[in-house]
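One chain, subunit A, links the two complexes that follow: it is found with subunit B in the first and with subunit C in the second.
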Partner chain A sequence: MSAMLLNKEKWPDFVGKLTGKQLWAPQIKDEQLRFAPVAEGEEPALDYKNTRVPPKNVVFPQTETLFRFQVDGEEVDEPKLDEEVVLLGVRPCDARSMVIVDKLFSWDYDDPYYARRRELVTMVGLACSEPGLNCFCPSVGGGPASTEGLDLLMVDLGENYLLEAITEKGEALINETKELLEETRDANLEQKEKVINEAAQKIKRSIDPEGIPVGLPGLWEDSLWQRVSASCLGCGTCTFLCPTCHCFDIQDETEGFESRRCRTWDSCMFEEYTLHTSGHNPRPSRLERTRNRINHKYNYYVDKFDVIACVGCGRCINLCPVNIDIVEILKQVKEAL
Partner chain B sequence: MKTNENPYIPYNATVEDTWFETGGERAIKTFKVVLEDDEARQNWNHRPGQCAMIGVLGVGESMISISCSPTEGDFLRFSVMRMGKVTQALHQLEAGDKMTVRGPYGNSFPLEEWKGKQILTIGGGIGQAPMRPIVEYVKANYDQYGGLTMIYGARTSGDLCFKNEFEEMRKNEELSCHLTIDVEEEGWDLNVGFVPSMLMDLNPSPENTIAITCGPPIMIRFVLENLKKLGFEDDQIYTTLENRMKCGIGKCGRCNAGGMYVCKDGPVFDYATLKAIPEAFA
Partner chain C sequence: MDLEKLRETAAEVVAREDVKYLIGWKNGSYGYRVAPAFIEDAEGAAELIFSPLCISNLSTYLTLVEKLPLPRGQEPDTRKIALMVKGCDSRAVTQLLVEKGIERDGVVVIGCPCPGMIDYDLLAEKYPETEGLSEVKWTDDGFLVIRDGEETNVTRDELLAEKCRLCRYPNPLISDIMLGEPVETWEPAEDKGVEEVDKKDVNGRWAYWEEQFSNCIRCYSCRNVCPLCYCQDCILDRLNPTWVNRAVNFSENTAFNIARAFHLAGRCIECGECERVCPANIPLGRLNRKMAREVRDKYGFEPGLDPEAEPFQASYKPDDPEDFIL
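Let's turn to the complex of A and B:
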């Protein structure tokens, strides 16, 4: 796999080359930084820590049509998914999250929508030089320049971006833009190491997950769940903005004579999520729901798929309206073990 | 189990026959349905204990246990209690109408493993629906099993499902079939009392026996307690769980009891497994 340099002066040309495809990059939309399609002539800036909304919606849209049908009809139409997308500026944690979620969406039954969108996406990552306040990716198997899930990794070297192809898709992207790129020198690779090491040093938060997956079942009745869930409002922000959260609801919608069955993001923090029709709810309060969220990420998922379903992006900490902090919860778990 | 086809697209099925098992606000109606597509029908091959997502296009789907045994023929049966939006819509369906079916989903009762054993089913209310395929399967392969005992109870005689079938079975001397209702009723000359007490009265031997129970949570709890008193080991006791479900294939997330997805890892669990799941009886 090759590594090339892109001088930042050529950034607009580089982006211009890519906008021929469906290009998604971080942009301010609805007052938040999120991944959105880049129109021709637009130039995404890469000076951000991370987007508020993770790019999971590109492979797992917030609302997605499963199929359409006519009212009183029997035939269903599946959507055609054939548009290739380049995701530009993905942080390594978010790319890793997709590799983690892949395991669930291919568990015995392939989810055809997710699988197809994953095939169609090319992931261009951007290594972190300035991690956020609540980043803790190295604690859960990631890092500021982790390449897991990426096709191409970009590292900001000041005047240049270093472009490293990780997969064939990434290699193809380098070939397509070759006229804009320069050969790397040894000094660039040393520079990269320096940038990454400095970034890793700047990560202040951490948790040692050792013992948590096996220890959580024994803490089922522990008083810590009362403490850590007491202030929870049940707003669901932690799960909606979590790059590894993948739960969904399925609903039928009808407008005129046209109907569709669609799925939308759902959250285990909502009461209705598990509510039985009889009125019985196996997870009746926010205590049970918080306990389930932590157990799902740090115990159940590890049991089933051998990986923690948390990439340490810190979004759930940054954006919780009542400052519930997963690193703090995990610390309390460790203490109670 | 891996399928290349889109597991979210349901099969179309025709309702061949329907009848009410019980009346009242939460009536239970049984649907006998046939998948329209020949290939789908031939490949269906469900096992007792499995479930299917049935529904009405434009309304939605519900996970319902398949209440017939594959030994009965190329059709499916579902007994549905009228509870919410989807089951209300299903209850509107009559013979000739269409419904959608996806599945079969989940694990099943290990009936192969149970060959040579005495089978004891203990059902309460709508909980008899997943017991019925076991009963029918064992009846159809009777020479391979050590015998069949059924205990089934409901609040009143009007709340008992599959009554006509039980009348038939009670005449069969090979089967041991016991019905009970919670409170005395005019014209009822069978047992009166709760299912768990009837189990104690019958005092079945745990020797070479498998007990399977399904019913309201409170009944299951006392049945499990009593089975233990009778000397049943954890791996001789089975039950089947239900939870809210949307996808049926282990993706949508909500049906988990502890680390187990009821739709995929279940719905059938032996008591040894169940005891280790903290939320199993939540």
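Let's turn to the complex of A and C:
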């Protein structure tokens, strides 16, 4: 796989080359940084820590129409999924989250919608040089320049971006834009190592997950769950903003005679999530729901897929309205072991 | 406020046999974060704080508490819940009393006169948050930010939260115990946020809210944090019939946000929590303050002032203006 240099002056041309495909990148819209399709002439915002909403929406839309039908009709109309998407400037944690979620969507049943969107996406990552305050990716197997899930990794070297192809898709992208790129020199690779090492040094928060997955079942009735869930409001912020949270609901929605079956993100923090038809709710309070959120990420997922379903992006910590802090919870779990 | 006095009082309150726990504020896990504290003993009381970072309205926990079915033979715990309130928060308590959402005997209200809170986003933007705990104190003309041992004086104007600029009731209007002397009230600022939207024409307003509501991710943090959104059976959770589809799009998001705004008309006490917690940055305060302003101007009613008041939406006067009826 090749590595090339892109001078930042040629950045607009590079972006211009990609707009033939649907290009998604972080942009500031309504004073908010988010992944959104880039229209011609628009510039992605790359100088950022992390978007509030992760780019999981691209492969797992918050609302996805599975098919449309007419009430009393016989025909079913399935939307075609054939548009290639380039996700530009994705952070290594968000790219890694997709590799983790892949395991679920290809487990006992291959989810065709998710699989197709994953096939169609090319992931161009941007290594972090200024990690956020609540980033803890190295603790859970990632890193500021992790390449897992990426097709191409960009590293900011000041005047240039270093572009490293990780997969065939990434290699193809380098070939498509070759006229804009320059050969790398040894000094560039050394500089890359320096940038990455410095970034890793800037990550302040950490948790050693050793012992947590096997220890959690023994803490089922521990008083820590009462403590950490007491202030929970039961909203969906932590789960909706989590790049690895993947729960969904499927509903038929009808307007007049037009119907569609759609799937939408769901959240285990909602009361309705586990409510049975009988009225019984096996997770009747926020205590059980909080315990489930931690167990799902740090116990069940590890048990089933041998990986922690948390990439340490810090979003749930940043945006919890009441400062429920997953690193603090994990520390309490470790103390209780 | 004297923190020693606060902690002493809190310890006395939680030592009472008729009090289950006290809800107050404590330092959060890092930076400028403050977390709700559920205090049951003197040791816990020693963690309590009251600072310009205590912007959250804890009265939402009065109705958020889950009443699960009890095992046969077990009596419900009817002890009181003690709650620390600022001026705005106290209006939520009063409004809950008006609506009979809580009982007066069920709460011990600890009033905290409030000189005004800091806007977290403004603070973090100007003085970036660090991993250690920072402290912020009130000074005579503003705030003192203590971050990593470094002290910075900041003017009040620079960091005061929007809801506090507009505040008319900084002193708790209802309390069982008052901590400290009442603060001097200030001239409320003009509500530039509401005015900015108001001066648009109807299409402009629609376009504005269309853009805002399109950003909603339907996490319902605004609903859950709201002390006055406490329906046991919320219209948004209903599936049969499904009043609001689960699909996240402009139409459904608008249905949700407008339903909430209407349900809060004459009930919202302008604590600003909905806007503060919104991860999509939707200026929900503008919507709810607009409704509050309409109710105040048209009907002369302000919620959360008088525990004996009739609920606005359930009362009728023959001379109520009805010029909105087409």
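Descriptive notes on the structure:
Convention: the second predicted complex is superposed on the first by the 334 of 337 C-alpha atoms of A that agree within 3 Å, B and C clash if a C-alpha of one lies under 4 Å from a C-alpha of the other, contacts with A are read in each partner's own complex, and residues count from 1 in each chain.
Assume contacts are C-beta pairs under 8 Å (C-beta built on N, C-alpha and C of every residue); 3 or more make two chains touch, one makes a residue touch a chain.
Since the structure is predicted, the reported quantities are computational estimates derived from the model, not experimental observations.
Once the two complexes are overlaid through subunit A, subunit B and subunit C fit side by side, free of any clash as defined at the top of the document.
Legend: residue contacts after superposition of the two complexes on their common chain; A:W11 is shown touching neither subunit B nor subunit C.
Of the two partner chains, subunit C is the only one touched by A:Q32; subunit B is not.
Once chain A of one complex is fitted onto chain A of the other, the partner contacts of A:R283 are limited to subunit B, with no touch recorded for subunit C.
With subunit A as the corner point and C-alpha centres for all three chains, the angle toward subunit B and subunit C works out to 90 degrees, nearest 10. In the superposition on chain A, A:F305 makes contact with neither subunit B nor subunit C. Once chain A of one complex is fitted onto chain A of the other, the partner contacts of A:Y109 are limited to subunit B, with no touch recorded for subunit C. Touch criterion met: A:H246 reaches subunit B, while subunit C stays clear of it.
Residue contacts after overlaying the shared chain place A:Y48 against neither subunit B nor subunit C.
Contacts of A:T264 after superposition: subunit C is touched, whereas subunit B is not reached.
Fitting both structures onto chain A leaves subunit B and subunit C with a minimum C-alpha separation of 5 Å. Overlap of the subunit B and subunit C interfaces on subunit A: residues 249, 251.
Contact residues of subunit B toward subunit A in the complex are 1-4, 6-9, 12, 57-61, 83-84, 87, 98, 217, 243-244, 246-247, 249-254, 256-259, 264, 278-279, 282.
Interface residues of subunit A facing subunit C in the complex, by the touch rule stated above, are 30-32, 52-53, 62-63, 133-134, 204-205, 230-231, 233-237, 240-241, 249, 251, 253, 262, 264-265, 267, 270-272, 284-286, 317, 319, 321-325, 327-328. On subunit C, the positions that touch subunit A within their shared complex are 28-31, 33-36, 38, 56, 60-61, 64, 66, 68, 129-131, 211-212, 215, 217-221, 223-225, 237, 239, 242, 245-249, 273, 276-277, 279-281. Looking at the complex, you find that subunit A touches subunit B at residues 66-67, 69, 71-74, 76, 78, 104-105, 107-113, 217, 220, 246-252, 254, 259, 261, 263, 266, 268, 273-278, 280, 282-283, 288, 292, 295-296, 299-300, 303-304.
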